[in-house]
Amino acid sequence: MTPTRREFLNTTAAVSLLATSGLATKVQAAEDKNVNTAFDYQHAPIPLPFDTKSLKGISEKLIQSHWENNYVGAVKALNLTRGRLTQALNDTNSEPYLYNGLKREQLIRTGSVVLHELYFGILGGDGKAGADLRKKIAEAFGSFEMWEAEFRKIGQGLGGGSGWVVLGYNHTLKVLENYWMADHSTSPPRTTPILVMDMYEHAYQMDYGAAAAKYIEAFFANINWEAAAQRF
Amino acid sequence: MTPTRREFLNTTAAVSLLATSGLATKVQAAEDKNVNTAFDYQHAPIPLPFDTKSLKGISEKLIQSHWENNYVGAVKALNLTRGRLTQALNDTNSEPYLYNGLKREQLIRTGSVVLHELYFGILGGDGKAGADLRKKIAEAFGSFEMWEAEFRKIGQGLGGGSGWVVLGYNHTLKVLENYWMADHSTSPPRTTPILVMDMYEHAYQMDYGAAAAKYIEAFFANINWEAAAQRF
Amino acid sequence: MTPTRREFLNTTAAVSLLATSGLATKVQAAEDKNVNTAFDYQHAPIPLPFDTKSLKGISEKLIQSHWENNYVGAVKALNLTRGRLTQALNDTNSEPYLYNGLKREQLIRTGSVVLHELYFGILGGDGKAGADLRKKIAEAFGSFEMWEAEFRKIGQGLGGGSGWVVLGYNHTLKVLENYWMADHSTSPPRTTPILVMDMYEHAYQMDYGAAAAKYIEAFFANINWEAAAQRF
Amino acid sequence: MTPTRREFLNTTAAVSLLATSGLATKVQAAEDKNVNTAFDYQHAPIPLPFDTKSLKGISEKLIQSHWENNYVGAVKALNLTRGRLTQALNDTNSEPYLYNGLKREQLIRTGSVVLHELYFGILGGDGKAGADLRKKIAEAFGSFEMWEAEFRKIGQGLGGGSGWVVLGYNHTLKVLENYWMADHSTSPPRTTPILVMDMYEHAYQMDYGAAAAKYIEAFFANINWEAAAQRF
């Protein structure tokens, strides 16, 4: 069963996390304004939008660990890193190239947080794409099958390492296309991600070992295409 | 003097380039539809939106070379790489990890094309930010000066290597912030770039040698803030 | 029990692999000369130098999968990629930047093959460093404990992603120091690796999930310090 | 004229640099022992081993700027970064992933220092390879011409960005081969570099603008093959 936001905020672990970090009040604050502040904004983790027991071929244990350790861990690291930035910016001993070490960490964690939210956000479905979306994809790729073949091939090539596969719309090129991304900090600029597949080994090793192809199968079976469609 | 698009298409070099690659008809085609096709779309280079003689502290020779060699070169490489994708996708001998070699090149060139267009697109101005934009930036960063200090510091840290500095709006985090980017393939996902500064050495070596700080000075003096404002 | 090289070559899987790729004769050939040829050399996988059942806290299933899928997989990919190089070098249609896509794959796989052999090569021990080595390390790092603290800290920072931790001797700087490495293609030049710890998630997820710290504990308990000492 | 080490240490600029950083005494110290200490070692810049006026097609201005700004700059940054490590290691507030930000900077600067010394170390020659070396290279690559064709092709593919081309001997694979390297932190492990070509834009932009091919020509004309031969 998918918890609502309120239910999520009431679960013990989440409350404890939010309380110790003072995130609870910030969640509300963030919802009240359009732009958060660059240096002191603290992001609050978003709960999984589906019942962790409901995925086909992806175990509750794995998806729970993925959310808690990799995603919430990234949120905490992003918040902590952001907190160091003002301090370092005002430190006259902080050489620009060392400052950029913090900015790099901020970028990696930003990528991890955003991509994980986009990934969890399109899981929990039945894997069946609606006619509209199939048509849009087919128009851009020649056929829906050709899109799927490329998306899967990129994923297979990332097996055994880290990275993401993203179907996204590039606003400069006006192209809907698949992107290979080496890690959290890799991304095409000015692009709206539609469908996002995590290929870090933590997304499948616990269930499938090195068999990345089986995980890709499971990923496709769990896509929530309605959620993906709303990103256009 | 800034050439219009039509004037640009009539210049000898551009016509020759577009003719040999069959881009001319595609330019028109691209303008007629909202989504280009993933595998056979060919991007046409965008002319510089300012008179190449008009920049303060950035020579005509450098900006012309930057546009022709680095930007148009990236467009050509992107088009050529895209052309190889269908062929490789259908090649049963093409291992997924080798296919991803092409996808990586596509990503790098996509980043180069998009970021260069965003960079040239905000040059040619008087460097004075309007009150509205200054206020928006000040709200996000504490003060306009704090934003500028960080933006410049990131740039200085990138001196002697490659990379980009981007002021962008992250749609997931709802934060307007500065990003350090290591190369064309690095980028925060789901982010709208507002102000983009090229820190590859081809952006300044010809005029300033290793003195990246002087180039950053020149960059700030030439910002077209009206153009930047339209990206919000 | 550790198979000898001959025993290894006699196991069914290995023989089958070597036979289909014609590697068997090349293994012998490689042992007979000092320099293999750049374009047509085919590397043969090295068997694990310890009994896969003997590791403390690292399961047979994991270490077997690590060897077969990640290491032998890398060997095969390296061999296949190398095979494509001559062909691409002679192809006048192969743009240099696309050729470099193959060279990048070659570099990544080279790193994976070399680092995995160095990693497996120092496992299977009792985790106790001899007095000589402890002294050398203490001299370079202030104390053996300080070396270990840094080595572990780098490892912990790599948890949840990919990368390597390497204690190595840099021949230019004449320094024995620890290196953080982001992936297979990252490495300090002109450096002899002594102790190598794999921090890709396939090195621990199957046994420990996201608990990278427990894996680091297990890694230290299994170090074969005599083997490491021979690398000085 | 090539200054000897002593002469170099007597030049005003060098003395001033070494004096202010206390490097002068450390140079001597480093020459007296085999292993420097990991945390407090300070590297001293090596003077150029050739007359800066003597290169063919590479201007005095460029090579001087390359040495001073990019190489000596890297030495200073490496020394400063190293100084921060002990402090950060003992700081209980320093999260491992932030500590790794410093280690990454250390790695990048280590690569830059080592590779620049290897690069400058094989310049200043007449570009003519001796019969012995030609034979060794021919044996490894099929022919000397094939080696050169690949080395140049990799370089051309790196034009407009950053990176290195390295002919090196891999001690694990026992292969003499060419490597593509994306930046200072990229490198094949356990490899002895023989011939090293800098493809960062600061190596040629000042003399050749974007014409990387002309720089590659000049590089080949200035190779000191005797120096390269000594690295085998």
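What to note about this one:
A, B, C and D label the chains in the order they appear, each numbered from 1.
By definition in this document, contacts are C-beta pairs under 8 Å (C-beta built on N, C-alpha and C of every residue); 3 or more make two chains touch, one makes a residue touch a chain.
Quantities reported herein were computed from a predicted structural model and do not represent experimental measurements.
Distances between chain centres, each the mean of the C-alpha atoms, put C farthest from subunit B. Counting the residue numbers that touch the partner chain, subunit C and subunit D have more than half of them in common.
Of the two chain pairs examined here, A-B and A-D, the one linked by more C-beta pairs in contact is A-B. Computed from the mean C-alpha positions, the centre of subunit A lies at a distance of 39 Å from the centre of subunit D. Subunit A and subunit B have CA centres that are 26 Å apart. Residue positions 95, 97-98, 104 of subunit D each touch two or more of the other chains. On the side of subunit C, the complex with subunit D involves touching residues 30, 33-39, 41, 43, 85, 89, 95-100, 103-104, 106-107, 110-111, 113-115, 117-118, 136, 139-142, 146-147, 149-150, 153-159, 166, 169-170, 172-182, 185-193.
The touching residues of subunit C, counted against subunit B in their complex, run 77, 80-81, 84, 95, 97-98, 101-102, 104-105. Remark: subunit C residues 61, 65, 68-70, 73, 160-162, 183-184, 200-202, 205-206, 209-210 touch subunit A in the complex.
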